[in-house]
Amino acid sequence: MNGLLRSAVVIVGLSLAAAMVIALLQLPSAAVHLPALVAENLAQSGVEHPVTAVLLNFRGWDTLLEVAVLLLALLTLLTLGGGKAPAPAAAVDPLLQGLARRMLPLIVLTAGYLLWAGAHRPGGAFQAGAVLAAGAVFLQLAGLLPAWTAPRRWLRLGLVLGFLVFLAVAAALLGQGALLRYPPALAGGLILLIEAGLTLSLGLILAGLFLFLTGRDA
Amino acid sequence: MNLAFDLLLILALSWSAWRSLATPDLTRAVVMFIVFGLLMALAWARLGAPDIALAEAAIGAGLTGALLLDALGALQARRGEKKEDA
Amino acid sequence: MNAASLTASLLLPLALLLALLPPATRRIALVLAPLAPLPALWTASLASADAVLDLPWLLLGSRLGLDDTGRLFLLFTALTWLAAGLYARAYLARDARRTAFWAFFLATQAGNLGVCLALDLASFYTLYALMTFAAYGLVVHTRSAEAWRAGRIYLVMAVLGELTLVAGLMMTAHAAGGLMIADLQAASPPPVAVALVAAGLGVKVGLPLLHLWLPLAHPVAPVPASAVLSGVMLKAGLLGWLRLLPLGHAVYPEIGATLLLLGLIAMFYGVAVGLAQRDLKVVLAYSSVSQMGFMTLGVGAGLSAPGLWPVLLPAVGLYALHHALAKSALFLGAGVALKVGGRAWVLAGLALPALALAGAPLTGGWLAKAALKGGLAGLPAPWGGLLGILLPLAAVGTTLLMTRLLWLVHRLPAKEPVASLALPWLAWTLLGLVLPWGYAQRVTFPEWAGLAAATWPVLLGLLFAWLAWRGRLQVPVIPPGDLVVPLEHLLKILKRRQRDILPIEQRLRS
Amino acid sequence: MTEAWPDPAAWLILLPLAWATLAFLAGPGRGGRLAIPALAAQCALALWLAVSLAESGARLHPVGGWGAPLGIDLLADGLSAVMLLLTQAVALALAVYAQAYFADAHHRHEATWFWPLTGFLIAAMNALFLSADLFNLYVTLELLGLAAVGLVAVGGGTAQIAAALRYLLVSLIASGAYLMGVALIYGTYGTAAIASLAPLIDPTPPLATWLAAGLMVVGLMAKTALFPFHFWLPPAHGGAPAPVSALLSALVVKASFYLVLRLALGPFAPLAEMAAWLAGGLGAAAILWGSWQALRTRHIKRLVAWSTVAQLGYLFLIFPLLAADGLAMQAGVMQAVAHGLAKAALFAAAGVLMRATGRDTLDGLAGVAGRVPLTLFAFGLAGVTIMGLPPSAGFLAKWLLIDAALASGQWGWVVVIIAGGLLAAGYIFRVLRRAFLVAPEDSRFHPVPRRLEWTAFALAVASVLLGLRGAELVALLG
Amino acid sequence: MTVNEVLPLAVIASSLLPGLIIFALPERRIGLRSALNLLGAVSKLVFVGLLLAGVAAGEEYGFRHTVLPGVELVFKADALALLFVTLSTVLWLFTTVYAIGYLEGSPHRSRFFGFFSLCVTATVGLAMAGNLFTFFVFYELLTLSTFPLVVHRGTPQAMRGGMVYLAYTLAGGALLLTGIVWLHGLMGQVDFVHGGSVAALGPQATAQLKVVFLLLIAGVGVKAAIVPLHGWLPQAMVAPAPVSALLHAVAVVKAGAFGIVRIVYEVYGVEYAQSLGLLLPLAIAAAITIVWGSVRALFQDDLKKRLAYSTVSQVSYIALGVALFGPVGTIGGLAHLVHQGIMKITLFFAAGNYAETLGVHKVSELDGAGRRMPLTSAAFSIAAFGMIGVAPTAGYVSKWYLGEGALAAGMDWVVAVLWTSSLLNAAYFLPILYRLWFRPRPAAWPHEHIPARGWRETGWLLLAPPLITAAAVLITGLFAETSWSPLAWAKLIAAREYLQ
Amino acid sequence: MSTGLLYALAGVLLFVLGAAGAVLLAHLMRKVLAFNVMGSGAFLVLVGLAQREDVIDPVPQAMVLTGIVVAVAATALALGLARAFHARTGRTGLTEEARRD
């Protein structure tokens, strides 16, 4: 049975790969050309960097839901737990701790830069949040930050703040006309507001994914 | 030159992916996966997508790697060094 | 007035029956029960000729009324029931199941009287069925083993008869296009319908092969019940024939011939088997089989030769009247004999109806037989000639059988006389001698010259009887019910077989 | 331009997202009091949407005001309105049920993050029903999948964790396939907006389109648990707490079916005919296999879960019949709705039965007919819908299906449909029959909150009575 | 909505609503429950009375509701519908009274009476169905609402019976559904109309129509217990007596028979069915059933089983009547619909009385029961005679018309079937009567629950219904030709079906 | 051959490799790895194919960003479940479980 399944999967996989390769090689040009459209509308998007414009304006709806996905993953992790006490941090190299202490401001600064840069060049809330999270992970590894168990109220607020802001903006704009239709004048500000909130929350969430897990069943 | 680099990168990508799945040692597999993530970041850069490259490095390789390593520790803590890979 | 009397004829027995059921009215009902046929008697004798009561809402549309035939039948039916009822009051005075007896008695009576009044198929059949099924209670009244057996056979045959009758009636009605007896006057139903009707009623009449129940059921019933069973209920079947068969306007040669043949067989077969009996009442029952054969001849002749029917009908009617009176007198007498023993006055009392049955001159039997013979003589060859020879021979047989009866009575040990039984019986016997004469003007009166012709068979019969007695002829014993016995045996084998069938049945079910 | 602020469609997504988040903020075990009024409001919104759609036809909501292909469109038409209505109604009933269910001390621990998870789940479904962009649909699928996995794991038991894990893995692989399909489509046509795609795909598309369609549909079938991808469903739906099972079985699997239907009716319509037989065949296999398993299992909820596998098969039977003048589509939607209501009722009732008997096996049911008659009645009524007996909505679905099959001369499906109905009767009555048995001496019954019973009953009644208003539903579909 | 629309709905609601309320009643509210039951039954009777008067005066009653495009729920209270509705309503009243007495003190009465009411609702709905779709809706509702009644006792045996019952009826339903949808596909919605309507499809559809006919008849034939689809009926005998009475006299088997009537007369049209050659096979199937059911009945010792097989046989008289081409046969079949109902319910009431009063379930234990329970036994006897077809009972009337109808249709062999069947009826009923009345009573009854008090041989609630229905057996037979008899109503219907 | 198409082809390879691995590998960790490889492949196809004419397309790039975040969320969840499963059963694969039904 297992052998059969294995060979079946291999055969299907190979033929699928072959078919896809053939398909890709014979593709004509696409009928719709979005980069041009993006460039055309970039001016009204409130940001200068096209990826950020797509991410937070043109396809901001995807992003909103995506944040929800992250939050949801965290939530599910929380359901698995059930309030076990965090494991005591193992004895860690003091050198590492020192390094971590010194790195912390740098990390925060990097995150802030990425956030700000996102408006006109590569960077943005996700990257910034990831950097923040990486910092948190680093701190934990250095024994400076305990693993998390059930989140307290403030932490919960921090976790959802970015999403709530995003949601509030969406709702407010919906009241004005359409979901996430930023008035051109306010677009930049609103996007920045959202990104700021997201940076914080994404950092916490991504960190949480690690910190909640690691404290789980050590 | 570029093409050669691209081909090499793709080869490396494929190899690291294959190793991360096929190598019998789980720890090594995870490491290979982190390597794979970093190579992916390179690939994104080659595709003119620095945003993704950044994200891939931070999230795909970094955070995922950390998660994997941590999980690996947890899973192996209990079972000793026994690999269950069949 | 007519309507009231017709209704009362039918309803009084039923009303008394209902009154029997609650304990409160039971006593008075018991007192009045023997008088239940009185309205019918009144109707039969006094109601006007055109007495018709249409009840379109009843059953499938009913009509009650009187025609000549009906009046005659109603008359002797009511009379016989009255006599039997009065007799029964004494006979069953100390019977534990008296109430049940009277209930069935009244129900049967209602049916029987009603049959005479019914002028449509539905009510005829209804009342006929009532009579048939209620009579079961009379048959099994004694609850003895023989009674159960007789009852069972009676019921099986009765049900077969009823169903066959209904099937025949359906076809007849379909052919006639209506349910009134009047509608049948011109109808010529398909032969199968006629055959079914004839056979269905033939069970009651006791046609050979269909008679099996008769020698069993008549004797086991209490005496008054036997009297009506044999005396008048058989006639209900006959009446059915008269009413429901297309007599007088359509020819059915095969069926007619069959009936003629069956009638002949019955005449001799009844005598033959009856002679081989020891029980008074069984002898009488077989005698009924034999006598009904005479009437069957008349009906068979009617179907074969419709032209003769105007002559035959009154003859058959007279014969029915005569037989009803004589046979019920004989049964009642047999009851007396069984209680009193073979005393001379009992023998004398029995001899009178016995003679009548044999067709001795000046009796009702004489009148009836002569009339019938007159009618039958008109039949085409070979029947006309054949019957001319065979009818007297049958009379010889009857005489023999009656002698056998008296012989059996004679040998009964004498007991205390019972006046309450004897008086109604004797009165009835006398009435039976007189009454047929009242009807004689309807038929061709037998020529006085024929007296001799009527006498010799009786004498011959007596001679044979004497010879047999002198020769100490041993009569072989045939069990009552004759053919029933092997049939029952067959059934028993089948039942044993059923044990083998049963597993299959179970397998089928699972 | 679209209407001003009250676009009910968009609110139907924002509202559950909002209350889910707030419920999380409120803390473990909280949120029921928030969810119920919110869900009631959503019901009203969905109804409003349906009514306005019935009046004015389908409606587009360009998110961000850009419009496809640059932006993302939300599309509300009859089909989505029906699904939205179903979702809100069932969710409301189950929320009421769940609140009572988790109030019990034995089940309180299961409720920790039930409410926010449910909120996200509903938001995901609503978003999915409204989305008109393939990539956006991918995100909603992921959101839905993760929320569902979270709910499966909510009980926290080993079996539940295992089921959640299996479910997650299947879901992820399936999403991966779907994503690959989107990638191919985007690569081929340069857009992922359904509206832009529809005119671009002709009956002879490039191979990539075929592959994309295949990958997407296979992924969605796996998420719908269509045979032979059904293996994850019985443990996941059978093992979760009753309200969760009900949500998952009644609604979640329908979402991916909805998507298949959308694709088959929309952009992939030119391709649909070829694969339709395969879908129908798998549906038939699902009906027979699922029913057969339901006839064999010893556990109540497993039985109901297997029944879901079987009933989902009906949804896929419609694909070979789609050509027959809209009947099949109506049949599919009717079946989805009927099954949604009925399955929610069945799981809710099963939850009550299990709580009343303290056991989860069929054998433990003896005597419940006398103890929780209302629930049993609810189970029976919902069973009527599942069996496809009149006057339920399930009956109308089967009626339409048979009609469509006969109209297109495809006899074989009729046999499958009928056989499926009879098999369904077989397993439904397995439960009822045991319930009517005389209770053994040593059996103990636990009291059950009335609210649980009545909710199950209301759902069941709805599933039956809907059969009398089928015309409205069909009219809404247009 | 006009009165003419509301009245049929009121007839349905008058048992539905009490039923639903009863479900919710606690077990101990006996008085309220009984009151509701009786209120429902009586008010239904009143509504039906109004309908009867109206229909006799030529009024038309009906109601339509669209369920799907082209699919409507249609009710119409025409003469044929009312024949069945009246029967159900009247017998429901009696059965309710009887059931109240019968179930005194037994558990789960709310459930019982609830489903009981649903059962009647389904029956009247089915009777008033104005098209096949509606008919099917109630047909299946009937299946479902009777199941809990069959398994009411909760014994493994009851379960087995219930499952067999379901297996048969649901499979039959499936066939019926297929046929209906098929016809729907051919014709669009098919309303029941006098003379039928499918003939309009023309000659190219005849082959399909024959298959559809087979499907439809097989579908309803299950409930009508036509051999070989009858296996459920004897199994369903495990139900309590009132259920058997209602199931076998009114609801289930009649629903099937009634379906046959509607399909033949008002979907296909009897002329058209005849021209397709569909009636003869139906008649033959009915004939086989009639004989086979009676033969099986002979071998049953369990009283209710014997009655059940008797039902198998008797119900097919209706189908037979339908299959006899011509108004007379129709009259016979339709009249038998009612006649068999009152006769069989009487028999079951009586059987229930023996069981409930004396603990007697078997024919062989009935010796002397006539003495102990004369009134019950009298009722039983009358009904049994009716079954045999002895005049002047109702059974005689219907058999007569069937026979006449057969002759009119030129199918003389049917008379032989009737003859055989009656003979067999006699063969399995008369021995019972014999035991009842003529055998000595045993020293003790198997399980005497209810002592005799004076003339009250058992509880009066148990006694009155069989007496009344037995009287009805006699009265409907005796006064068959009056204008208010079932026969007269059947004639009215037949006149309409054949009046083209 | 353009860079985009080249990477798209590589993406196909990775996707199929990952998919096969996700189906075939028993160890939960490896399933997670395989799923990530599979996802990466899909991302590469998405961006690479869209840019097969070497025009930068920000739309698929934004999509992939979203996808990566979703993937990490899913990965974390899968690992969390796997750890919980392992903690309760000591097992690292579902295969034996799959047969118990």
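Going in written order, the chains are labelled A, B, C, D, E and F, and every chain counts its residues from 1.
Convention: a contact is a pair of C-beta atoms (placed from the backbone, for glycine too) under 8 Å apart; a residue touches a chain by one contact, two chains touch by 3 or more.
Predicted model, so just to flag it, every value in this text is computed and none were measured.
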| item | value |
| --- | --- |
| Chains touching both subunit C and subunit F, listed by label | none |
| Chain whose mean Cα position lies farthest from subunit E | B |
| Per-chain CA centroid nearest to the all-protein CA mean | E |
| Pair of chains whose C-beta contact count is the highest in the structure | A-D |
| CA centroid of subunit B to CA centroid of subunit C, Å | 115 |
| Approximate Å spacing (C-alpha centroids) for the pair subunit D, subunit E | 42 |
| Distance from subunit B to subunit A - Cα centre to Cα centre, in angstrom | 19 |
| Intercentroid distance (Cα basis), subunit C paired with subunit A, Å | 113 |
| Residues within subunit E bordering two or more other chains | none |
| Residues of subunit B touching at least two other chains | 49, 51, 55, 59, 63, 67, 71, 74 |
| For subunit A, residues contacting two or more additional chains | 16, 20, 24, 27, 30, 34, 38, 51, 58-59, 62, 66, 69, 72-73, 76, 80, 126, 206, 209-210, 213, 216-217 |
| Touching chain combinations (by label order) | A-B, A-D, A-F, B-F, C-E, D-E, D-F |
| List of subunit D residues in touch with subunit A within their complex | 1-2, 4-5, 7, 10-11, 14, 17-18, 21, 24-25, 27-28, 61-66, 69-72, 74, 109, 112-113, 116-117, 120, 123-124, 127, 135-136, 139-140, 142-143, 146-147, 149-150, 153-154, 156, 161, 184, 187-191, 196, 200, 206-208, 210-211 |
| Residue ranges of subunit F in contact with subunit B within the complex | 1, 3-4, 6-7, 10, 13-14, 17-18, 21, 25-27, 29-30, 32-34, 36-37, 40, 43-44, 47-48, 51, 56, 61-62, 64-65, 68-69, 71-72, 75-76, 79, 82-83, 86-87, 90-93 |
| Subunit F-touching residues of subunit A, taken from the complex the two chains share | 5-6, 9-10, 13-14, 16-17, 20-21, 24-25, 27, 29-30, 34-35, 38, 50-51, 53-55, 58-59, 62-63, 66, 69-70, 72-74, 76-77, 80, 126, 202, 206, 209-210, 212-213, 216-217 |
| In the complex, subunit F residues that touch subunit A | 5, 8-9, 12-13, 15-17, 19-20, 23-24, 45, 49-50, 52-53, 55-59, 61-63, 65-66, 69-70, 72-74, 76-77, 79-81, 83-84, 86-87 |
| Footprint of subunit F on subunit D - complex, ascending | 135, 138-139, 142, 146, 149-150, 153, 158, 161-162, 164-166, 168-169, 172-173, 176-177, 179-180, 182-184, 186-188, 190, 192, 231, 234-235 |
